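Here chain A shows up in two complexes: once beside chain B, once beside chain C.
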Partner chain A sequence: MPSLSYLVARLLQIIPTFLLVMIFIFLLVRLLPGDPAIAMAEAKATDAQLEQIRHNLGLDQPLPVQFLVFVKNTLTGELGRSIMLKAPVTEIILARLPTTIFLALYSVVLAIFLAGPLAFLAASRVNTPVDVAIRGVFQLGLSMPVFYIGLLLLTVLAAQLRWFPVGGYGKTFLANLYHLILPALSVALYTSAIILRNLRASLIEVLDADYVQFARAKGLSPRIIMTRHVLRNALVSTVTLLGLSIGNLMSGTLVTETVFAIPGVGRLMLEAIFARDYPLIQGLTLTFAVLVSVVFLLTDVVQSWLDPRLRQS
Partner chain B sequence: MTALTQSHSPTRGRIAAFLARAFSRPSFVVGVVILGLSLSLALFPQVFAPYDPLAFDLQAIQQRPSLAHPFGTDNFGRDVLSRVIWAYRVDMQMAFFATIFALLIGITVGAFVGYYGGIADVIFGRCVDAIITFPFLVLVIAIVAVLGPGLVNMYVAITAVNWVYYARLTRAEIMAQKANDYAAAGLVLGYSDRRIIFRHLLPNAISPILVYWMTDMALAILLGSSLGYLGLGAQPPAAEWGVLIAEGRNFLMTAWWMSLMPGIAIVLTGLGFSLVGDALADLLRPKGR
Partner chain C sequence: MKRILPIMLGATLGLLAATSAFAIERGGAMTFARYDDSTVIDPVYADRNPDLWMVNGLYETLLRNGPDGSIVPGLAETHEVSADGKTITMALRTGLKFSDGSDLTGADVVFSLDRARNPELGPWAGLLGAVDKVTADGNKITVSLKNPDPTIISILATFNTGIMPKAAFEKAAGATDQEKARAFFAAGPVTSGPFVMKSHVQGSSMSFERNPNYWRQGEDGKPLPYLDRVEFLVIPDDATRILKLQAGEVDAAEFIPFARVGELGADPNLKMELFPSTRIVYAPINTREAKKDGSKNPLADIKVRQALNYATDKNVLIKLVTFDTGKPMTSLMSAATQLHYGPEPLYPYDPEKAKQLLADAGLSGGFEVKLTTLAGSADDATLFTALQQMWAPLGVNLKVEQVDNPTRGEKNRAGDFDIHTYGWANDVNDPAQVTGWLGYYKQRQAVGTGWNNQEFNTLFEASNVETDPAKRKDEYKRMQEIYAAEAPLLFLFETPFAVAVSKSIEGYVQTPLGANDFSEAWRAD
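Moving on to the complex of A and B:
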């Protein structure tokens, strides 16, 4: 296990990054052209009403004061009220977040099950027709936007063949697995294309490495070589890659949630944008940033657990 | 004059040799052919499109793909193939404008912090950390949300995020090049920093950046069409692949070709950019790295 001091140091690293994230989100809504008060108000609002909205949002205070208030509110989980849904932003987001996290995890698992075996197959038969075919298919996957993959699956598997539901969200865990399979698959196909490419390369490298050849020469069984040497090393690069592509994954879920009408935070973000619901946009942007940095953190921890060399630096 | 021609001919020879190696790769040739075709379609859609992309034909609403309409017709009887061809103009522009400013800004900033280091580099590092903490699409649509939907605002939003990736790459390359003897030689000869950066370091650091630009143009098309699909990029009635796909979304059961045909163009063009990008990356990779 990674040492405690490593974990603490890694946690402390987040603070300056997060301060910048907060400054960015703060400025995003305030400094760009357009008055949020006007955007939020009814079309025929009077000047006094606009003044009131500005006051409620604290927009009549100097910027540094506004920022401190914003930081304090954010840290206490007080993200304001949504204009569109007329409820606290924190509550709305927390209610929708599990769906998105479920979808994201589901996609990751599917992606690993898709890319893992195929990468092994391709790496153990480098430059054979099998390898070329696998790479070709996944190259194609990389050139497809997630929403298009989603629509293809929707048209063929749901609308034409009627194997899967067209959209929606289940009540139980199993129902969720069934309802979300197509959306998860659309994200997974894209993600697995990224994983496969790198996993294949790192497998080829590991299979060719001195210590693996040595293990073979020693007469270790192929299974032990596979599990103890090859898999463990290939896992490090896969974990890193999965961690780094969390942004892609989140972007992907945002799009699929829209395509399949799934009530998660991604679709909420789009609804908030079209409704010009600034508090909600701000809260959601922050949520995504928190999600990504938590995953970055977990990636580092898992990585240092898998690869002791990384602990020293 | 003689010095000039002399210094030119080895370069030209190297470029010719490089192109010869590149064109001996089937994937590069396929990529170049796809991109060449895409560019011709973008420049002269009126030559290739069989119909007027905006003309309603109420006699031919939602017709299946046929010889007369290879990609079928939409809910207003417009020829889908012609609309897809006209959309090349918008989408190829997207690939260029969504990346070129990020490239220029990123190279300038990256070269600067990579060369001077110090406090600027520390601040830059933190900014990069903060920006990559957002999912790319989320950050872009958050900026589009504030600026308002539309193509130009989309370019601004993508550039605002994307330059970081170019800057990070340029910084790393410049720092690697700076460690070489020739950079020190430039200093000893008393060349200005600007001359060393732009005449000596950058030309040696540029090839991975240009390779990344290729793949990034493919990403820009994916991103731009996604934003178009979501209603935040190009606005209807403009023909853009994402917009076309969105227009067909409600007719998946009755007229699947409306949505699925424009996607072929996205996949093909993306494939063209990545094939060329991958081949270049392979060819330019220094041996033994």
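Moving on to the complex of A and C:
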């Protein structure tokens, strides 16, 4: 396992990342044309009313003052009140976050179960019709946008065959497994296509490597060769890719959650942007930053476990 | 004949009502798929359509908007305006109760109206700006005005004056009104309307249950509503919302894109409802002498604005964008608005006249115009392509600029546009709101166009204190004539509210103001 000092060093590296994210997001949302007052009043308010709304929201304060308030609040764990939903940002995000995390994990698990075995199959039969077929199908998954795959699955499997509900969210764990299978699947199809390509390529490379040849010559059982030599080496780059694609997946939820009517943080982000809900956008961006940092940290930890050479640096 | 017709109509309607009374079934639930969720359904704080279109489900007003657009009694059995137009007296019905069984009294009315007109609270306080004092003496409610206000009766039928329970609200936790409102609604609020809110999961679902103490009677002589429950699901994506309906998982889906109206209308399990609305789609024209960048603005010339209106084939746009569900505009306001005046569609398609007008303005050589549209809106994209083709023969080179909604709002306020797309639906059953918004310079520079017409402004100010309905009607007629002739807008079309409803549901209505009315809905299966 990686040493404690390694973990601490990695955690310390996250702090400047967060600071940068905070500054960027604070400035970026304010650079967008239009402001919460205009978005909120649906154009019906007079200029004087708008000024009143801006004053109530503290938007008439100079930017540095607003930034200091933001930093101070964030450090104390207080992310302000959502303008659009009129409730504390922390409360809103905590209510919606589990749904998104559930969906993300669900699709990653599905993606691994889809891509893993098939990559082995393809790699062990390179350039046979099986290999070509597997690659062909996943190429299709890669070339279709997630929302389109989603709508296709909804139309055929849900609306016509009625095997699954059309969108929405359940109340229990099992109900959620059932409700979220189509959105998880449409995200998983995309992610698994990426994993499959990568894993297949590294498997082929490793299977051909000298040390595997040597292990075979030594007369080790194929099972031991596979787990101890092939898999461990082939997985290094795939884990990196998986980590990166979970980061991507977070942005993918913006679309998936809208198409499938799932009340998660992805759709909330989209709504917050259209409402120019500064506190909510800021809170959500920080949440995404934390999530992505955690995923990357875990990726590094797994990698350094897989590949001891990485622990030295 | 003129007198007999209404009587015959009335008799027929009465007969229809009598026969259908036997058919109505009570009980059951309906599930309604919405495009967006409510946040706080407080009459005072509701500021987005998904909020304010739900208020009447929970809070009853003193007066109500009748099905034909006239004002009918609500919680107040009678209402009377004094000769000087400065005092409104109303008598509350006897035996009114809130959903928790407590009495609805004059104190609740005073509390609710005082809250509604407090400018420190919600965005609608201005509607009650003329109110000086609200008092209650037993069942008698008196609203005293600082000056006569012909809109006040309509405002007393508008969602923001819904009657809330004083005691229950004041008991809610919190120091400020905002905090109390939040706690009050989070706990499942005590209501005066047809329903109570049983649960609300933000962004996902909401549940309304029958208020057993609601005052209005159904056709079977028992209290409304007929349904025990209305379940709401939030499904923002149009395609998914429709799939959900087609799969039979919901009983109705709102905001059906017009492109799908024909398809859903042909579905044997569905009714495609196109409810008459006050919604208009129009495009403000920047009428200022100079554009934002300082260059000369050809659109400042009334002839050019008229020319563009004549060069626009509204019927083609109605076909392309609304799939023939829309109607051409006949005035600045929709035909469903009170005091509407518009004998015929404005600016019927006439390219020759348009050419002549441009020649008169000295612009036969052509010029460039920028249309600002909503990014991602299929309707706006169609609109742009069609206008570009219609105007090209005049030498008008139409360019497009795509922005999101808040950016468009910002550009409108800054006067940084040539022409941009816009939509509107009335919130109040009175023409003053839409007229002030579109035409009165001092309010919002006439929807940001910069159009400043003295005669129009004076008429508008006079009409807002006019106590004689006939005179007010004349003033409105004149204002609509001036506005039509001056063309500070590209007049496009009126659209209905498209809701697809399962054949097993009867009686659901979306009102011309957009409100979702489930009070008389019932299940027929």
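Please note the rule applied: the second predicted complex is superposed on the first by the 275 of 313 C-alpha atoms of A that agree within 3 Å, B and C clash if a C-alpha of one lies under 4 Å from a C-alpha of the other, contacts with A are read in each partner's own complex, and residues count from 1 in each chain.
In this text, contacts are C-beta pairs under 8 Å (C-beta built on N, C-alpha and C of every residue); 3 or more make two chains touch, one makes a residue touch a chain.
Here the structure is a predicted model, which is why all the values come from computation and not from measurement.
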item: Touching partner for A:F67 - first (chain B), second (chain C), both, neither; value: neither
item: Which superposed partner A:L152 touches (first chain B, second chain C, both, neither); value: first
item: Contacts of A:I281 with chain B and chain C, given as first, second, both or neither; value: first
item: Which of chain B and chain C A:L85 touches, first, second, both or neither; value: second
item: Touching partner for A:P263 - first (chain B), second (chain C), both, neither; value: second
item: First, second, both or neither for A:A45, with chain B first and chain C second; value: second
item: Contacts of A:W305 with chain B and chain C, given as first, second, both or neither; value: neither
item: Chain B versus chain C as contact partner of A:A95, first or second or both or neither; value: second
item: Shared contact residues on chain A - chain B and chain C; value: 32-34, 151, 154-155, 159, 258, 274, 276
item: Chain A residues within the chain C interface of the complex; value: 32-35, 38-47, 49-50, 53, 84-87, 92, 95-96, 151, 154-155, 158-159, 162, 165-169, 258-261, 263, 267-268, 274-276
item: Footprint of chain A on chain B - complex, ascending; value: 126-127, 129-139, 141-148, 218, 222, 225-226, 229-232, 242, 245, 249, 252-253, 256, 259-260, 263, 266-271, 274-275
item: Residues of chain C that touch chain A when the two form their complex; value: 39-40, 45, 47-49, 123, 126, 178, 182, 201-204, 233-237, 239-241, 243-244, 246-247, 249, 403-413, 422, 427, 437, 443-444
item: Parts of chain A lying in touch with chain B, wherever the complex brings them together; value: 16-18, 20-21, 24, 28-29, 32-34, 139-140, 142-148, 151-152, 154-155, 159-160, 246-251, 254-255, 258, 269-270, 272-274, 276, 281, 284-285, 288-289, 292-293, 296
